[in-house]
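What follows is a group of structures, each given as structure tokens.
Both of the next two complexes hold chain A, though its partner changes from chain B to chain C.
Now for the complex of A and B:
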């Protein structure tokens, strides 16, 4: 095994992890604030992919420029779901919430299949098939741009959560909703905003992924387990943990191909997952009392 | 996701015509005959289900328009569609639901070999004939009486491909001595690679690399680099999903792997595959097909109708195979003069079709051996040349010679 092969696997893992991070951050934000496990998160990503495909095809706009507008639209959809459906479910009834999000996931997936058909939709830009080759490595431009854009969005999310009143209110609600409500935070409103931001992040991730993966109604199935793995690894409810978890997932997936047959890639991932949870059941960044 | 079985009435007109036929030919005449179509209409292989459905619907419309099944008083064919979903489990459930209703006379199934294998077990148990174009040879090696395949399987395809590639290489002074295998672990690819492992050494071709993954492939570059380092003369590809098929060719182009590459199915020749890669990257990629648009005038006429109907530039074997299956079932129904699945099975077992439509897509007579395989079925190899997938083998049907990658 050459050094180039090892570096290639590391670079591939980091690029994957960068995109996974955005998906995982949205999921963990929703869980952290609302205590809702959102199974529809991957479908919001799928809608983001289709949004990027159609808008870039109809108006000849680069999908990277569509990231924020599509994210806002998907966020608005999340807002509707939170207000129209989730807020109607008794708070604390986790089974009902779980089944509701699972139901929304199936409805969105099948609606997309019905309305858009099964044909994979490919966004083709000059960078889709282009590679940068520093020191014998091969880095796909689309994956690189997606990873960089994802990190920029993660930085913006960090600033939002730490520097704005709403962001701080979200963190306070995540830590202790009762106390947050006691100091004037409208907890119900913060829940809805958290769901909107979380689903918007999935939409943003979708537009980025559309630059190197075909949009299809069932594409979410390829990502949902990865998202949950990253979130649980990082610690449920921790955005920083989910980001780290996403990079761990990306790196393990990529590096395991060097040591084991490729078909055991996900076996290795689950093995690492179990090992980490054995040592730190609360996840890398999670707090024991939260879980 | 749960597979959803959906019953589809072909047209209101067909039903009304059937109603009048009942009145004219007496109470005993059958008005409609249910024929099933099981395919992946959702999940990662849904694109192929779409192509299958087009073929089935075209055949049903044409058969019904031409007067239906004459030996059954003009009975119309009613297509019953069932979604296999994305996994063997969902495919098994769908087959169980579809066949246990006891209304189907026969069905065509399922694109992916692993799905066809699961459905064939239920079809055998419930005694409903199944027609398939899936590649796995296990389908016709278990002594099943209700499974029929009119196209070639993995073993035959591998032998034909190895022979063709060696012959064509010799013509231009090249020798094929080494091969690399790269694909996923779905049943079709596993069988394909198993056949390659047996056949290639007999043709003096050494396998220098074998890379198998569970779909989806997260990054194709490491696979392409391993192939580049192994430096084989030919690459056999067994990627079955769209993203993996595109990803691996993209990675070959990025890493400078310019070798003969032969895929194992329609996923390498769909219009979307071409749109994703463009003519330059797709150039030279080959794939095997169970059925194809041969030189038969009927096939050319079919392609014209297909284009008018779908606005899709070319078709793949998902469409032509299922279209053929419906016509084969039609002939069997005429022969059996009954919609009873057992009688239809006997008719299929002894059928001998020598004329189009079905022969236009296989190039040979339709006739099954004791195992349910059409032993004469050839392997078709298609290659991307200047932005068009051209039939390059077998020689008697080929419209272009093999183009060596440069």
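Now for the complex of A and C:
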């Protein structure tokens, strides 16, 4: 194993991590504010990928330009889901919420499968197979653009959460919904907005991923554990933690490619995921949180 | 409410006692026969019907119904009765199927022997996976279970079993479980379903039901009555997993061509979940009911659109959403809540389906009571000793170098302003939190690192600041749980008396058949006290028991406690209302900022300058005026 291969793996991992950060940030934002684990997050990403694919092939628009409009549409879908489904079950009933998002995930994935068939669809742009090679490394243009775009969106998210009233209200709600309600935050509205923003982020990520990864109805299954792992690594509910976690996941994934056969890369991720969950103190003595 | 009213309204309670006594005679046999005969008859009818089906698809459907109902029942044990939402049941079904398959492919071992190996392997996997995972709570447990089947799916794909063909042996179908005719599979699944069902009925009628329900309703409260919640969940998980593994073996033989996706995929876990959600988790018949509704639909869709089209999964997704929004606790729960007077037919169906199980009177169980009589304690002996206890949360020190000796027969009040460290101290004394420094001794034995259930079993019982009753159990059952696990066994007859005495004492005997969630706030508080008293503890720790009680209720509760003290009970009570507490107790301990600042006779402690200055201030002067 040469030094270049290791560097190549590191660069590849960081580029992946940048895109994972968007997915993880959305998931953790939803959990942090609503205490809901959104199983449908990967399906929102899948919809974003198909949105980018169809719009770019029909109207020959570059998928990178579609990022924001597609993200807004997916966000609106998330808004409908939060308003129409999640807000209808008691807020503390985590199992019911979990089952609801699982149901939505199954519906979206299989609806896509019924309508579009299982064939993967590839967006081909000039930058899809172009490489930039400084110092013997290969850097795919598509992945680089996606990573940069993702970092720009993360910066926008950061500014939204820290500089706007809604963003601050969201953080306040995540911290303590009762107190937030007490100082005039409409907690229900913030919940719905958080879900909208979170799913919109998944849609944005989907359009970016579509530039280097084929879109397929079941693509979400490959990403769901990655998202969960990044979120769990960073501590459920922390956007900064999830961002960091996403980069770690990207690195673990591409580094384990050096050591393990391709098919076992995911096993590595699953094992890390389970291990992190098991040694996390928050989960270990959960009932004390409620005392 | 009046505390003394228990005796007048004792009628309903006495009936229950009487039924408990009768239950040991002929009635018990009859009710047991009624309960256990349902699965046997149902299985007989099922096999009789199946034997008449000649159509290939219909007999396959019958086999699948029996299979999924049985798998659903194994999920129900951990997901329904123990309340742990597992999203990874496929791990056990798949592991079972694959272990037998690999044994047959690689070593030529017949599947009947593979069945044993698979059952064992799946149970072992459940033990290895469950031991750490079941320490997680709620959502974290669900997330972790999600990963296990995915790991196995990837591993078996990697090991080259993407599409495993079971070696064909058309010459001896019975030896190799390879029947051309699906009716044989239907019959064998029907038999296993019957066994699972019988086991569930047995569970419903034994004290296991109460252990599992307590864990499901409130793990902290379950620990406070001495239940080792982790071990109870682990038992349920291992039994559930091993039987699911056994079912997986026959399922794989029936499928004949097996892929990791069909055995470990999310579809399998969702199917196990969905039959329970539709039917009603925590009901013996729930999974069967759910299977009868969902599996024919999904099979019809697969026949129409093909099994990989996603149509069946799409409908399952819709079913999940609709069920959670409309019947969140399943059909059985809806049936249970129907008023039979209004809808006689539905009521009759409901009682037929629940026959001999859910509505049965609580079983009279041989309880265990940590009775001071069997372990005599000398008056004045040190029961619980805190030796330099300290607790820090990160940089915040909640309690520092705390020394306290609680002696037999004392009535101690611990007071302090909000944030003084009272609740922390209380959690340390009852084992619900571990100290960061110092030691805790119970009758000379170091119990610093003891789990809360261990302290509860040794006779240290507590109540909670925010009461934690088992809401969906009756008042009687709540009290019974107080004495279900503990130190010394007592006979059935004295168990009845041990349950009724505290219930009468707090005046709840006439509400024995009411669900705890239907009680008022002060009644719930008293129920917690009664639950703690059933085990005849050595030491009773009461966390703000007076909050929310009106003055006359406070007075009556104090009378009850004094009565218990006269019988040898040691009581520690925590509150912030120093004026009230000082009048009640014989010894007053004051803490402030995590430090002990006063300890002694109330009259003296309340005059200590430090106490007056740090805590009482002008309020005490006002109160004494």
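In this text, the second predicted complex is superposed on the first by the 259 of 291 C-alpha atoms of A that agree within 3 Å, B and C clash if a C-alpha of one lies under 4 Å from a C-alpha of the other, contacts with A are read in each partner's own complex, and residues count from 1 in each chain.
The working rule: a contact is a pair of C-beta atoms (placed from the backbone, for glycine too) under 8 Å apart; a residue touches a chain by one contact, two chains touch by 3 or more.
Model, not experiment: these values are computed from the prediction.
*Asks:* Which partner does A:135 contact after superposing on A: first (chain B), second (chain C), both, neither?
*Replies:* After superposing on A, A:135 lies clear of both chain B and chain C.
*Asks:* Between chain B (first) and chain C (second), which, if any, makes contact with A:106: first, second, both or neither?
*Replies:* In the superposition, A:106 touches chain B and chain C alike.
*Asks:* One more residue to check, A:261. First (chain B), second (chain C), both or neither?
*Replies:* After superposing on A, A:261 lies in contact with both chain B and chain C.
*Asks:* Check the residue A:120 against both partner chains and state whether it touches chain B (first), chain C (second), both, or neither.
*Replies:* first
*Asks:* Applying the touch criterion given at the start, work out whether A:278 contacts chain B, chain C, both or neither, answering first, second, both or neither.
*Replies:* So A:278 only meets chain C here.
*Asks:* Please name the chain, chain B or chain C, that touches the greater number of residues in chain A.
*Replies:* Greater contact footprint in residues on chain A: C.
*Asks:* Of the partners chain B and chain C, which touch A:253 in the superposed model: first, second, both, neither?
*Replies:* Only chain B; A:253 stays clear of chain C.
*Asks:* Could you tell me if A:178 is touching chain B, chain C, both of them or neither one (first, second, both, neither)?
*Replies:* neither
*Asks:* Is A:270 in contact with chain B, with chain C, with both, or with neither (first, second, both, neither)?
*Replies:* second
*Asks:* For A:3 in the superposed arrangement: first (chain B), second (chain C), both or neither?
*Replies:* Touch status of A:3: no partner.
*Asks:* Please write out, lowest number first, the residues of chain A touched by both chain B and chain C across the two complexes.
*Replies:* 106, 109-110, 113, 118, 217, 221, 261, 263, 266
*Asks:* Spell out the residues on chain A that touch chain C in their complex, using ranges where they run on.
*Replies:* 37, 85, 88-89, 93-96, 98-100, 102-111, 113-114, 118, 217, 221, 225, 228, 232, 261, 263-264, 266-267, 270-271, 273-274, 277-278, 280, 282-288, 290-291
*Asks:* Quick check: in the complex, which residue numbers of chain A touch chain B?
*Replies:* Within the complex, chain A contacts chain B at residues 5, 8-9, 12, 15-16, 106, 109-110, 113, 117-122, 124, 128-129, 131, 138, 140, 213-214, 216-218, 221-222, 253-254, 257-258, 261-263, 265-266.
*Asks:* Using the touch rule from the top, collect the residues of chain C that touch chain A in their complex.
*Replies:* Counting only chain C, the residues touching chain A are 85, 87, 132-133, 135-144, 146-148, 150-151, 154-155, 157-158, 219-220, 223, 266, 270, 273, 277, 305, 308-311, 313-314, 316-321, 323-325, 328, 423, 427, 432-433, 464.
*Asks:* Going by the contact rule at the top, pick out the chain B residues touching chain A in the complex.
*Replies:* Listed in rising order, the residues are 1-2, 4, 41-44, 46-47, 49-50, 86, 185, 211-214, 216-219, 221-225, 242-243, 246, 250-251, 253-255, 272, 275-278, 281.
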